[in-house]
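The following blocks contain the structures, represented as structure tokens.
Each of the two complexes below includes chain A, the first together with chain B, the second together with chain C.
Here is the complex of A and B:
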């Protein structure tokens, strides 16, 4: 059996009276693991605990067999892509990544080579000598990913890695994440959009209000989510023209315009939606700026899973650590 | 879009130990510290000072002053150690202060504001290394700005010395200059960086540093004028440093305060500042 790369045992984190993560136990090995949950469910807190940026209030977390808190030897083997941007904007992309890679124990030349390679991986070769301050949001996101990947860490922690990226870039990012997972790294990816995680892995962990409510196979979760309509927000030029092109699509439940350059699609087939919307827009020469899911339906699924959990807890004999409902069928 | 990530394998080569990050941080800190225009301008202006002080000294050394009582050789009355000691006051008030404002008093606040901790502390960087990485650039630049001109002047003073004995005496000024430069750079760097950790607002920490540097000194000057007591100079950083400098250069200290008082005060201030900085950083968690 493979040794666990990330292990949490009755892990808890409070911010004063606010619970970030509560009594969370899990073991993760190599591969990509999707961490799903609505906003405020504790995903970022959990990732920061794993990345050694927060100290547990209770329980413990281990990465590669040791606590990551203030432990350089463990942190050298972790790559973190945080959710929020934090950049020294006067530096160029390659200088920034090189500076961060150097901390992982590489000399100047090796760090530079790795920085260049990582930036090329995320399609930033053309702009890597430009100051980061001039980058778009998507470019900054990819720079963050590059610095997380560049030192070939054994554990990759990616907080909302697809945020702010365009559909084409998403494909490259998803490919890179899957590739690392297949080659033995443990990749923990958070998202509040099921569809995003689904493109990377079948293994998912579901968090709600700081608790792990389910873990297991994505397809079982999908069956649950398909019962709920899914919303997709398209930010583009001429949303009304795009609307006309989509109105006859069988997977469209409803269409509305929340803002001047936005079209919101309600669907029960997000896969078809994410595939066909860019195709139809391209056919009409409409430029899509953003394709995101502001969907709250995931939260509904989570609430359902919590109910399942509570029902099971009532039926099963009480145990010191309550069993989690396994989503695996 | 092609996927290039075909060559990934966990790195099996040798890496430098995490302790080496101390110097990586120091170098990066220095690069960032000299980036602002005001720091570059100060360094350039200080470069002129390296030339100007010796020229003034040279002119004074050979100048003859004619008065009603006849012509007097000014060079004979010139005190090289007084001249060298005087340089430190100019450099402290003019350039070192500017460096501490631009690179020290906003350093930690700037990182907090830019949420840089989530990058630093996700890497194999300890809080102590980070502290060093913030203090070192300010200390290094301050040292450069104080010891550099002093050394240039001493070299010239030795060169134009009338005899070997005087040349040797003048060369002996290198050691006190080195000591005083180290004292100025350490105190100014540690205190200014500690102040920068007190708030996430860079403007506020910089204002606090200006207040800490100037206000006690102004009060001390007024109190000295009124009461003739110089004790209050001890609560002023430039005041304490001035007293310490006079003691190091073995010059007469005005008033009733001794060099040891200044040394003790400055050590206490430095230790206190380091403790504040350590407390602010040691338990820092990345929350926002």
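Here is the complex of A and C:
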């Protein structure tokens, strides 16, 4: 069995009366792990605990077998891409990354070589001699990633790494993250967008209100999520005609008209819904202006998972020796 | 794979070179140079105006603008916000995620602030001296030995004030100027002007003593009240206080979560 690279045991962190992370236990090995949760769910707090920037209030967290808090020997093996958009904007991209790599024990020449390589990996070679203050948001995001990757850490902690990036850049970033995971690093990636994490890994951890509500394989969690009725809002011309075309679809639970040009569909099969609604509208010559989900925020889905978890705990309570499922919620 | 563990020296040098790079592009150096330049210009204007003996002019400029303005303001500019500006800008996240001991980061920043601050202060002292004695020393020869003493004294006081302001900035990261201003306004300047032994609390008294310009030479009334401290002892006080405040700042910085610890 592979030794755990990140281990949390009954980990808790409070900011005064506010709970950041509560009673969180997990073990992570090599590979990419997605940390999903709505805003305020405790993702950043957990990542800061793992990165050694916060001291646990209760329990413990270990990275590569030791606590990361104020431990340079552990921090040397960690790369952090923080969520905050903070930079020394007067420095150029290469100066910034080089300066940070020097703190990882590399001399000036090697630090520069590593900085250039990392910036090239994230397609910033053309702009690396420009001050960071002149960068777009996407470029800044990639600079943060470059400084996290540049010293080849064994553990990578990436807080919302795809924020502010365009689709092409996302492909490059996702590729770099997956590649690092395949090479044996433990990459912990946080996001509040499900499909972002799906593109990087099948291993996910779901956090809500500082607690781990589910962990395991993405597809199993997707199934759990899909048990929760989704609402899909279609903004189109002739919503009543579209309604007539959808009323017999097996995946439709209910249909209603919240506004004159809107049709709201309740379904337990959002994938089928997103595929078939445009097809049926096209067949009828109905122009769809917008197709959105009011449930796009993961919070509603996660609340549902918490309910599922509580229900299962009540049911499973009399059987303590039950085998651990592939994914648990 | 993975980064190396830097030694304390390597980490301090990395912090020093990052801080110097940022200072080169920032405005603080220009502002400090402007403050020093104004004092030099003022000396030049008085010198050109005539009527003031070179020694009197030199003594007066050292006693007030150099000692209380340039000598205090310049280390304040470079050291008081050394840590708080990183916390405020949230760039501290990058520094604290690296395997450099926090004390090494602070030592590097302090070294950069003191080096640049010391250069600005000493350059101002040198220019004032050259302007004051540009036409010779009047009836006396040009006191070159005094220049050496002044440069050494101001370099020492810059190190001392720098460490003190660094400590205050680390102690109160959210309002780094507050403690510094309170100290300068309530302790440093008032106590250095009071007669009697309370003067020894003020670092500027020790600077004055190192410069060989203790007020009893000029004021016979206060002469009897003025503590008689050997010059070497005053120099040691400046050096030891610098080390003590620096150690205090390093110790404070090592265990804090700073703003990471806020929701």
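Heads up, the rule we're going with is that the second predicted complex is superposed on the first by the 243 of 329 C-alpha atoms of A that agree within 3 Å, B and C clash if a C-alpha of one lies under 4 Å from a C-alpha of the other, contacts with A are read in each partner's own complex, and residues count from 1 in each chain.
One rule holds in what follows: a contact is a pair of C-beta atoms (placed from the backbone, for glycine too) under 8 Å apart; a residue touches a chain by one contact, two chains touch by 3 or more.
What you see is a predicted model, and the numbers here were worked out from it, not measured in a lab.
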item	value
Fit-or-clash call for chain B and chain C when the two complexes are aligned on chain A	clash
First, second, both or neither for A:179, with chain B first and chain C second	first
Chain B versus chain C as contact partner of A:65, first or second or both or neither	neither
First, second, both or neither for A:120, with chain B first and chain C second	first
Partner chain(s) touched by A:18 [first = chain B, second = chain C, both, neither]	second
Which superposed partner A:100 touches (first chain B, second chain C, both, neither)	both
Partner chain in contact with A:171 - chain B first, chain C second, else both or neither	first
Chain B and chain C contact sites that coincide on chain A, given as residue numbers	15, 48, 51-55, 70, 72-73, 75-76, 78, 80, 82, 84, 86-88, 90, 99-100, 102-106, 147, 151-152, 154, 183-185
Chain A residues within the chain B interface of the complex	15, 48, 51-55, 70, 72-73, 75-76, 78, 80, 82, 84-88, 90, 99-100, 102-107, 120-121, 123, 147, 149, 151-152, 154, 168-169, 171-172, 175-176, 179-180, 183-185
Contact set on chain A toward chain C in their complex	15-16, 18, 20, 48, 51-55, 70, 72-78, 80, 82, 84, 86-88, 90-91, 95, 99-106, 108, 147, 151-154, 183-185
Chain A-facing residues of chain B, complex	1-6, 8-11, 15-18, 20-21, 24-25, 28, 32, 35, 114-127, 283, 285-287
Touching residues on chain C, where the partner in the complex is chain A	1-7, 10-11, 13-15, 17-18, 21-22, 25-26, 89-91, 93-102, 254-255, 257, 260-263
